[in-house]
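Letters A, B and C mark the chains in the order given here, with residues in each chain numbered from 1 onward.
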C-alpha cells in the first residue's frame, strides 16, 4: 500500500505523541513505588551490615526496624569533620555521586546504629568495581573503630556461583571480628586471600575460588572506601 | 591506556557477546553457514557498533541519565529520563543503520555490495542494543572506554561467528545422529566453544 | 454431542484454528527449537527458575500485545516506515513492562537487568509481527502472540529447571537435593551455572524433540 509523504509524516507524529504521553504517564505513576523499593533496599542493606537477619523480615516492617536501630547519621568530609547532621539528608546521599567529586568536596555518610546489647556500631558505605561492573556494600565497625561488626556486599552482574558469591553469608561471615588496624595502629584494611586465610590472621578472609577478580575488587573497595574515612576514623578511635 | 587495553582484550575473549551473553544468536545461527558471509556480517556488526555505541553513550550521558540535563539549566537537575532509554537507543540504532546504509551506498558501491544485505538485519541484532545497554549499566566513564568496548565486542562477535561457520562447513561431512543435525549440533558446538573461551577467564592484563 | 456443538457456537473465539495457534508453538512451531527465533536475549536469565519465569511472562505479554496492536493498525501503517512503527510499539511495551517490574518485583528486575530491554530486539517479536500480525485479524494475532510467547517461555523454564537443579540443587530457591546425598559425596555441578551449558541444554532439548517428531529433522 502506498501512502503520501504527508500521511507518513502525520502518522509518525501522532504515533510519537501517543507513545510519549502514555510512557510518561506510566513512568510518573510507577515512580513512587520504584523509589520506595530503592529506599527499602538501602535500609535492608544497612540493617544487614549490622547483622539483622533481613531475609526473615517482611518488607513492610523494614522501615520501622530501620528507625529502631539506626538512631542517627552524619556525613563527614575528608578531614573527618561532620558536615551534615540531619539523618534524612544523609540517607539521601548517593555515594556514587560523591565519589566522583574531588576528595575535598565529598561528604560521605556514616550511619550510627544502636544495637540490642546497647553497643554502638558505625556503618560505612562501600563502592567499587568487580569483574563485570560495579559492586557495593556496607561495612559496620564496632565503637573501637577497629573491629568489623558486620558487612554486606552486592553486585550488578558478577558471575553466578563465582563472583556473585560475595553476596552470600559464607563469604561475609569471616569478616566479622577482623580488625582493620594492626597492633601498632597502622591501617591494614582487610586482605582477601586466595587459597584461604590462616585462622589466626586478624586481617585476612578467604577469597572465592574462581572469583578471584571479584574478590580482589572487594578488597580494593574496602581499602579505598575506608581510606576516605581515615580522618574520621582516626579522630574517633583515639577518643 | 593499560586499562583500555585490558578492556579491549576482555570484551573480545571473556565478555564475548555470543559466548557469555548469547547476544546476536539469531543472525549467528541463521547466517553462519559459510565463512564468507559470516565475516561480512561480522564486519558490518563491528562497524555499526563502533558508530552506535558512542552515540548512544553521549545521548545517555547528556540527555537521559538522572541529572544529565544540568548542562542546559540547573532546573533540570532532578529530571530523570532514563525510562526512555530503550526507546531512544533503538531509535538511534535504527536511524544510524539507515544512515550508514545510505552513505555506504553512495560513496562505496563495492562495500555496499559486500555489506549492504546485512545492514537491515543489524538494526534488530541483539548484540548492538546489548552493547548500548551494557555500557549504560556498567557505568563506563569516557567515550574512549565506550569505543574500545564496542570495538572489542564487535571483533569478539566476528571471531565467534566466523569460527562457528568454519566448523559448520566441515561438519557437513560428519555422520551426526539425524535428530541432532543442523540446529541441534550448532547449539552444542557453540556451547563447547564457549567452554573453550572460558579458559581466558583468568586473564587480567 | 449437542452440548459440544452449542459450546462451539457460543464461543467462536476458541475455534479449532485458534486453538492450533495456541498449541503449535509448543511443539511443531516452537519459536526457539524450530523457528530459531529469539534465542538472543533470554538464555542468560536461565540460571534460576524465578527470573526465567518472569522473563517468559514478560515476553508473552509483549508478544501478545504488540501482535494485537500492530494487527489492529495493520491497514493504516505506511509500508515505508513499517519496521520503525513496529519497533516503537515494541519498545513502548517493553518500557512499560520494565517499569512495572521495577515497581512490583524489584529483586527479580535487578536480576534480569539489561535483558528486559533486550526483549525489544528479541527476534520472536519482529518475526511474529512480520509473519503473522501484519496479515491477520487482531484476535488470532493476539492468540498467536500468546502461543509463541508461551512456547518460548516453556523452553526457558525447562532450561532453567535443569540448570537450577543440577547447578545448585534447588528449585525456585528451595533445596530439593536431600542432604544425605551431599554427605555421601554428591556435589552440585558448577558447570551448569555457567553460560555454555544453556546452549548445550538447548541442543539436547532439540535432540529429544526431533527424535520424537522426525518430520522436523534436517537432512
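One rule holds for everything that comes next: a contact is a pair of C-beta atoms (placed from the backbone, for glycine too) under 8 Å apart; a residue touches a chain by one contact, two chains touch by 3 or more.
Computed from a predicted structure; not experimentally measured.
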From subunit A, how many touching-chain steps at minimum until you land on subunit C?
-> 1
Look at the interfaces B-C and A-B and say which one is made up of more C-beta pairs in contact.
-> B-C
Whole-Å distance, subunit A centre to subunit C centre, using C-alpha means?
-> 35
Rounded to the nearest whole Å, what is the centre-to-centre distance of subunit B and subunit C, using the mean of the C-alpha atoms as each centre?
-> 23
How many Å are there between the centre of subunit A and the centre of subunit B, using C-alpha atoms for each centre?
-> 31
So which bits of subunit B are touching at least two other chains?
-> 83-84, 87, 137
Name the residues of subunit C that each touch 2 or more other chains.
-> 84, 88, 92, 95, 99, 113, 194
Which residues of subunit A are in contact with two or more other chains?
-> 19, 23, 27, 156-157
Touch list for subunit C against partner subunit B, complex = 33, 36-44, 83-84, 87-88, 91-92, 94-95, 98-99, 113-114, 117-118, 120-123, 126, 191, 194-200, 202-204, 206-211, 214, 217-219
Across the complex, what residues on subunit A touch subunit B?
-> 19, 23, 27, 96, 132-134, 156-157, 212-213
Residues of subunit B defined as touching subunit A within the complex | 15, 83-84, 87, 137-139, 202, 204
Using the touch rule from the top, collect the residues of subunit C that touch subunit A in their complex.
-> 47-48, 75-81, 84-85, 88-89, 92, 95-96, 99-100, 102-104, 106, 113, 167-168, 190, 193-194
Footprint of subunit C on subunit A - complex, ascending = 1-3, 7-8, 11-12, 15-16, 19, 22-23, 26-27, 30, 33-34, 37-38, 41, 156-157, 159-161, 210
